[in-house]
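Starting off with a structure, shown below.
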Amino acid sequence: MHARNLLDLAWLIPAFPAFGAVLLLVFGKRIGEPRAGWIGTAMIALSFVASVIAFLALRSLSPDLRSNVSQGFTWIQAGTFRVDMRFLVDPLSSTMTLFVTGVGTLIHLYAIGYMHGDSRFSRFFAYLNLFAASMLVLVLGSSFLMTFMGWEGVGLCSYLLISFWFERNSAAVAGKKAFVTNRVGDFGFMLAMFLIFQRLGTLDYSALGSTGHVPSTIASLPHSSVTAIALLLFLGAMGKSAQVPLHIWLPDAMEGPTPVSALIHAATMVTAGVFLLVRAHVFFDFAPHAGTVVAWVGAITALYAASVALVQNDIKRVLAYSTISQLGYMFLAIGVGAYSAAIFHMVTHAFFKALLFLGAGSVIHGMHDEQDMRRMGGLKKYMPITAGTFIVGWLAISGIIPFAGFWSKDEILAKAWFSHNYALWAVGAGAALITAFYMTRQVWLVFYGPERFRDDAVLVQGGGDAHEADEVHPGEVHGGAEPHESPWTMYFPLVALALLSVVGGFIDLPFTNHKINVLDRWLDLPESHQATSFGAGLILSTVALTIGVIGIVWGVSIYRRGLRRGGVDPTVERLGGFAGVLQNAWYLDIGLAHFVGGPVTSFARFLSEGVDRAGIDGAVNGIATAARGGSGGLRRLQTGLVRNYALGIALGTVLLLLYVATRVTF
Amino acid sequence: MEAVVFFVSAAAVLIGALGVISGRNPVHSALFLLLTLASVAVLYLQQHAALVAAIQIVVYASAIVVLFLFVITLLGVDKHEPRDDAHPIQRVTAIVLGVLVLVGILVLVHGNRWVTGAHSSRGVLGAPASGNVETLSKSLFTDFVWAFEMTAVLLVIAVVGSVVLARRSGHRAQVASDGDDASSESTGSESERSTA
Amino acid sequence: MSALSYPDHITATYYLILGAMLFTIGAVGLLIRKNTLVMFMCIELMLNAANLTFVSYSKALNDISGQVIVFFTLVVAAAEVAVGLAIIIAIFRRRQSVNADDVDLLKG
Amino acid sequence: MMPIVGDLTTTVSTSGKLGYPLLSFLVFLPAIGALVTILMPARRPELSRAVGYVTSVATFGMAIFLLTQFETSPLKSGYQLLEDHSWIGQLGVRWTLGVDGISLFMVALSALLFPIAILASAKVPRPKQFLVWMLLLESAMIGVFLALDTMVFFIFFELVLVPMYFLIAGWGHDNRRYAAMKFYLFTMAGSAFLFAGIVSVAFMHQHSTHVLTFDVRTLTDWAAANIHGGTAKVLFLAFAVGFAVKVPLFPFHTWLPDAHTDAPTAGSVVLAGVMLKIGAYGFLRFAIPFFPQAAVDLAPILIIMAVIGITYGAIVAAMQPNLKRIVAYSSVAHLGFVVLGIFALTSQGISGGLFTMLSHGLTTGALFLLVGMLYDRRHTYELSRFRGLWKAAPVFGGLFVAATFASIGLPGFSGFVGEFLSLLGAFLTSRWYVVVASTGVILAAVYLLWAVQRAFTGEPDDENAATPDIHFREIVTVVPLLGLSLFLGFYPKPVLDRLQPSVNALIHHVELNSNYKAPTVPTVAAPHKGESK
Amino acid sequence: MIGAVTVVPIAHAPVDWFAVAPEIALFGAAIAIVILRSVVRHDDRVNPASMLIAIAGVATSGVFTGVQWGFVHGNGPYQALSGLVAVDGFAVFVQAVILGATLLALLLSGGYLRRENLEIPEYLALMLCSATGMLLMASANDLITIFLSLEILSIALYVLAAFDRTRLSSQEAGLKYFLLGSFSSAVFLYGIALVYGATGTTNLTGIAKFLSTYVLLHNGALLVGLALLLVGLGFKVAAAPFHMWTPDVYQGAPTPVTAFMAAATKAAAFAAILRIFVGAFRLYDVDWRPAVFGLAVLSLLVGTVAALVQTDVKRMLAYSSISHAGYVLIGVQAATDKGTSAALFYVCTYAVMATGAFAIVMLVARRGDDRHELADYRGLASARPVLAGLFTLFLLAQAGVPFTGGFVAKLSVFSAAIDVGQYWLAIVGMLAAVIGAFVYLRIVLAMYAPPDDDADEAARGPRIVIDAGTGLALSLAAGAIVFLGVVPGIVLDFAHAATQLLAH
């Protein structure tokens, strides 16, 4: 029971960063440049320690008791509706806390160096801490509503952090876009909660049961409402986790400082959707159709984003689209019922994508805020550590054994195959190939080949990132200055994450021997138990590996010599006209803006001008005008001529007599 | 016989009335008014209202009409009034409405249904010959004594009012002498007569 | 109404109808004449119409009060005349006109 | 498992418990303050101000005391601290005051907002007159919520207009006369029907019982039981029109933007903070309890109007070029949530509606205060004139953004609790309307964040850069509202617990007097392992 | 002369002086003033003296009224002077209202006459005579006495309206009022004649008795007569469509006279209407109620709408008095005790509101009584805050704002209408009140408009002087308005009791 008492202290995990956030928000100015960063980092670190303790305490319990709801108080109660402020610690949430706080700590540390000299340095860490707190509430919440609270909290922080440099209009717009798009998802989430409450009478996770026994309330639910709940939850997840078509905010989110991109828009927040669906997997167990939808949306997202990533020139945008693509994999996994695989990929992805982003950040830092890959090249010798770690991340994401990415991606594809969704497998594999290719392109453009950052000859030709031009911090230095390696606060996290990206895969090796795949057992989530033969698994893994290798080789062969003359990108050249389509992200964003945004705006204008001003207000004022008119008429009757007045009296008399005529008894 | 008298005087009444409203010259109108009043008095006599008829002649025919003529001449307005009408529609509407009122009254109160009231609620009429002098004066000083008193107020108002109004507006607040006398004497004379 | 052919006996109805006619003529006169004095005369006509009606009713109802009312009406008429003519005179002094249509200072 | 439900109209305790008429004090204290202010010399404004502060703060203190005196328990659903004195015998009007869960927090909110509003308008011209009107307004407002005699309610309902009219017309902006007149006439027109309704009910009662009374409790019980069918519907509509104009519901809202835009800051705060709630309160106190069946039958109409209000208000708000108009239209949307919740006729819905009333008072009040400060600095509301204010005035910007998210209804702020509950409650009875209404949560983000983006982000030009940051007095006015909103966002229980008994009693009353049955949800005895030990 | 020889013995009916004491007291004062005026010629002390006499007369009359109330309350209502006069609560209430209005009007007049330099004694005498007529009307129980009192009050008012000979507009008002007034009273008289023929009597009680005993197969004469009566009285209360004289006459007449006309005349005329229609012809209410309904609605609409575009404040108030007539008619057409008492209360309240409002108008008009434009009220609030405040009070009361008499008055008439199931009439009334509110608020806005727009408008012209009498009148009116609004119970009970003590 000692362990439980420890677990009841789970509220401390979000409490540390929350405290840090308040502290920095209020006293940030007085605390000042370096210290604020350290305080922030310390808070999240403390929270990491707490998570570790919680993890150990949980592990000490027997598997069937590994779920503890901490003490708390009633948050909202109305009628039979009741939601408590409690924290649920179970394998899933503790896994999440571990990597959220872990990665978070590293990124905080990194940010100290990266944000050096920013005018709102302390504010930045306040936001980061607030984000960490919200994220932890999200994962630790004991009910949908608690999760939703964290959900919105991270949304808020992402808004604040994306538009952290709000002097840049593009940043402000991006922040708003992110929040609003997320709101579309939240719309689904809320409806899902309403439906769940109506059907189950509570929003508490405990009502969802646990693996093994499913509550009768859910088992007996009409198929339609289960599907509805599942799909509505998925809508929420789509918003947060940037699935097509709600992905549009994520690329723009790169307006935020790089640590933000790494922490929020790669490692943690965007995976909240995955977490939610896994948390509520029971609904998907009962709604196969919903699962199919999820899987296909995921697969399409994966392929789509990968294809777009092919031709991006902004170092961060490439990673952004790659993130979307990887998230697609996770949803594909959930769709085919491979929940633990999804979590597995989520974790590994958190490692290597954070690594890649921080690496990119380090490059940008070293290049004095240059983000266009066409102006880079051959940086390996200027920033060796960054390069080395980045390459690790590259191999991981490309699915090269034994790096983390290989295991998780391979598991997902295998699960797709064994659940007889061969089409899904094919799409996933295709996406994997493209991924390997564009990552190779990035690595070569940035770290190998000729150094292009000195000559300004490379003209920036607009494309997918048309607003590159204003994508420059205040006080950017162009060319001239030499690239340099980043301070240790920045490359230490790189190294750490690189290590994780190497070993991360081993927490869940795809062998039937349950001694080895720890995560799977630890999470103890229901699995789609198709016949998985070791042989077939091995073959699939080999195929996946070869796909990765092919992609890399192909990429290297093309980008060995960097760009063509005049800074022309060979891929773009090869794709010809189609490149434009890709650079504009299949025109989805523009299309949405044009075909949805346009009509909506004009409709809104019609409502406000046409209906409200002219229609309703007009009607009201019309009455007034009419009254005035009548008044004027009556006034004209007052001729001032006594005989007219007498006439009026006579008229009245006649009217009265006419009325009398109706009453007289003849 | 009765019928003859009635129709003759009725014709006179209507002719007089129409004359009043059609005469271009106010003096003519006044004279036509005299005709009407006189013939009405005849109709009073016809209906055994001798005293009323007498007063009609004395007060109306003499005093009032004379007063009218006096004023007309005093103001020297015995000239034709202009035919042009500020609101031409007025005349037409007026006549239409008039016709409507008349028709209305005649139709609504048609035939022999004019009289539906209870009979002789406040004193029976005397014999036709008596002209009801006694009866009238009796009820005047018994049943209607209060109404009779009330007329006093009317006359005071008439006196004071005409005094005030007839003053020349030039000098105010102190008693004027001229226009004052004219009207006050005239009203005074009536008051004597009607309170007799 | 009972036959307008030469009647042997004149009922109250005749007088009353005459009264109604007189009343209407007076009213119309007031409406169509511009000379305030004449308009005033028309009012007298109307009052007479009322009086005639009263007297006729008093005969028909065999009730004296009808005639008494006429008496009071005369007094009222007298007072009205006194005041009314005074007003007309006063106005005439300022305007040199008894035309009702000239009196339209107050309007709107 | 409906909690134990008390009776809607029974009296829990009278002022006898207290020995002095607390509620009457609450009503009269500001009025007395106003009279004292009148006596103050006009050329010594500081005296008037002092009186204003003292009175309003004292009233607030009494309101707090009222909160402490209010008894809470599932059975204490009726009116408390009752006072009852004869007033206009001939018309059967009695001076009856009482408070229950539904009115309690409206009173508290009024008492809270007035000192703040007065403090916020420390620099108005002609402060003496201003304060007189403000204090009279406070009196009337509190009276509206405490009156338990329908006619007394109506009297205050009408009386509220006058000070507000003068505040708008006397201290408003460019178009103030038009706005004030529109506001006055609009509401008065609405109350025409309300009045007809009230008097009709009273006389129907008189004709059948030969007792002429306007007492809410008597009429509630009698009308609910004895007025049926078409009559009930017509009367309900008569009430509804009066209240719908006040709320304001969709087609009747057009006075609101003008009134808000041209009202002085204090006026807007009070108008949005308390006055709009009178309408919603009226629905809960009169329209629904008097005619439960009619309310149930006609609920769809009002729900549709509410849903339209939510979406329409938000969309139109997005198009406004004027910052204050945006906030004004946001009120239309928020009050839409209130009415939606109320006519869900579920415990969650009504509680949510009431809670939204409270939190809207806080958040929108804060927004109006901030917008007002902006006006003090820049003398315009035009969005196009603002740019990069966040950089120019960081604290101000931060507070504004905070208020914005509070208004958007971010979890953690009180707005969320209210809106979530009312949507949830409405979902149980009318699902598809809620699906539409929920888009409001998206639209709210759109128009408010768009406004923030246009006014606060970007690089400020010289004019904007010169905008001074918020100073202490202003912080004192805004922070309490936001803080309270935040507190209630995390711990709404104190409020909800006091609402619940009355709300449940109301629903119970409706169920008893109509064919309506509150929807039941499966009740999982949710096992809280943490609790288990 | 005819029959002068025969001596007719006339047994004088003992005159019940007590029944008519109030009227006699008032008329006595009038006579006294006339005599004093004609005796004392060139002496200015005659002015204050006559003013004192006038007020004393009103006071005495008031005392008698009070005594009558006590008597009626104790011994119940009765009829005096062979049924020409009714001594009942109704009469007493209305007389009290009339006397109150007269007192206020007198207080206003003193300063006004001095300011405009007009003959005070004659004026006072006429006003007292007119008031006497009104008292007579209130207690009259016979169509003849009603007609006579109508003429008394009207003829006096004709003169009063034309009293200011220096202003053409005043004389014009007099002429218009005279011509139209005598026209309408001629119609009224003819109506009496027809009713007399139809019922055989002019005594209201007799009529009621007759109608309750006989069922008329042919009600033509009765109804036409009734209609004509309505025309005559509708003219006096300025109900549409017989209202057209009102704006002109109210505007032209000396302002205190306007106040007197609006307040007292309406009270008296409505007393007559109530006595005739609700009292004598109650049995025929199915016939006359729709007609009155029509008049009410028409008056409400015309009165409020026509005032919208007015810029002359005095005219605005004139129009509003038309609409107020409409409100009272709402109470009348209910034809119930509730309605009657509501109408009485309304008349009482309106008397106070109107007098107060016109008092302000009188003051603002300054010497020459011609500054009535809205522009003349600009910035009044800053120039004379108290005056502006009082005017605001009176205007808001007319708009029917709570805690003023106006609210309770409207409340009670609408209640009466709803009580008889006429919801739409009540709602129309309320909506008319909305439009009316616009008119009043326009004036208020003008007063509170900062003087900077249209700067010297307020400054121009001599400073506003408030003489003692006017000040007293204003404070009395203001007090009464608030009193009627806050504790209306007393007066309402009074009005209610009055209807109960109606002599039948």
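Order of writing sets the chain letters: A, B, C, D and E. Residues in each chain are counted from 1.
Rule of thumb we're sticking to: a residue touches a chain if its C-beta (ideal position, glycine included) is under 8 Å from a C-beta of that chain, and two chains touch if they have at least 3 such contacts.
On a predicted model such as this, the values are computed, not experimentally measured, just so you know.
**Student:** Which chains make contact with subunit C and with subunit D at once?
**Tutor:** A, E
**Student:** Centre-to-centre on C-alpha atoms, which chain is most distant from subunit B?
**Tutor:** Relative to subunit B, the chain whose C-alpha centre sits farthest away is A.
**Student:** Report the chain closest to the protein's overall CA mean, measuring from each chain's own CA mean.
**Tutor:** Smallest offset from the overall C-alpha mean is found for D.
**Student:** Going by the average position of its CA atoms, which chain sits the greatest distance from subunit E?
**Tutor:** Chain A.
**Student:** Roughly how far is subunit C from subunit E, centre to centre by C-alpha average, rounded to an integer in Å?
**Tutor:** For subunit C versus subunit E, the centre distance works out to 27 Å.
**Student:** What is the distance in Å between the mean C-alpha positions of subunit B and subunit D?
**Tutor:** Centres of subunit B and subunit D (C-alpha means) sit 70 Å apart.
**Student:** Could you work out how far the Cα centre of subunit A sits from that of subunit C, in whole Å?
**Tutor:** 96
**Student:** With chain centres taken as the means of their Cα atoms, state the distance from subunit A to subunit E in Å.
**Tutor:** 79
**Student:** Using the touch rule from the top of the page, what residues of subunit C touch 2 or more other chains?
**Tutor:** 16, 23, 26-27, 30-32, 34, 39-40, 57, 60-61, 63, 65, 68, 72, 76, 79, 83, 86-88, 90, 94, 100-101, 103, 105-108, in rising order.
**Student:** If a residue has to touch 2 or more other chains to count, which residues of subunit A qualify?
**Tutor:** In subunit A, 635, 638-644, 646-647, 650-651, 653, 657, 660, 664, 666 touch at least two other chains.
**Student:** What is the complete set of touching chain pairs?
**Tutor:** Those chain pairs satisfying the definition are A-B, A-C, A-D, A-E, B-C, B-E, C-E, D-E.
**Student:** Mind pulling up the subunit A residues that touch subunit C in the complex?
**Tutor:** 635, 638-643, 646-647, 650
**Student:** Under the stated contact criterion, what part of subunit B meets subunit E in this complex?
**Tutor:** Touching subunit E from subunit B are residues 50-51, 54, 104-105, 108-110, 113-122, 130-131, 133-134, 137-138, 141-147, 150-154, 156-158, 160-161, 163-165, 167, 169, 172-175.
**Student:** Please name which positions on subunit D make contact with subunit A in the complex.
**Tutor:** Counting only subunit D, the residues touching subunit A are 1-3, 182, 186, 251, 253-255, 312, 315-316, 318-320, 346-348, 351-352, 388, 390-391, 405, 410-412, 416-417, 420-421, 423-425, 427-428, 431, 434-435, 438-439, 441-442, 445-446, 449-450, 452-453, 456-459, 490-493, 496-497, 500, 503-504, 519, 521-524, 526-531, 533.
**Student:** Can you check the complex and tell me which residues of subunit A touch subunit E?
**Tutor:** On the subunit A side, the touching residues are 627-628, 630-632, 634-635, 637-638, 640, 642, 644-646, 648-649, 651-653, 655-657, 659-660, 663-666.
**Student:** Residues of subunit B touching subunit C in their complex?
**Tutor:** That would be residues 2-3, 6, 10, 13-14, 17-18, 20-21, 23, 26, 29-30, 33, 36-37, 40, 43-44, 46-49, 51-52, 55-56, 59-60, 63-64, 67-68, 71-72, 74-75, 77, 81-82, 85-86, 90-91, 93-95, 97-99, 101-102, 105-106, 109-112, 114-115, 117-125, 132, 135-136, 139-140, 143-144, 147-148, 151, 154-155, 157-159, 161-162, 165-166, 168-169, 179, 183, 186-187, 190, 194 of subunit B.
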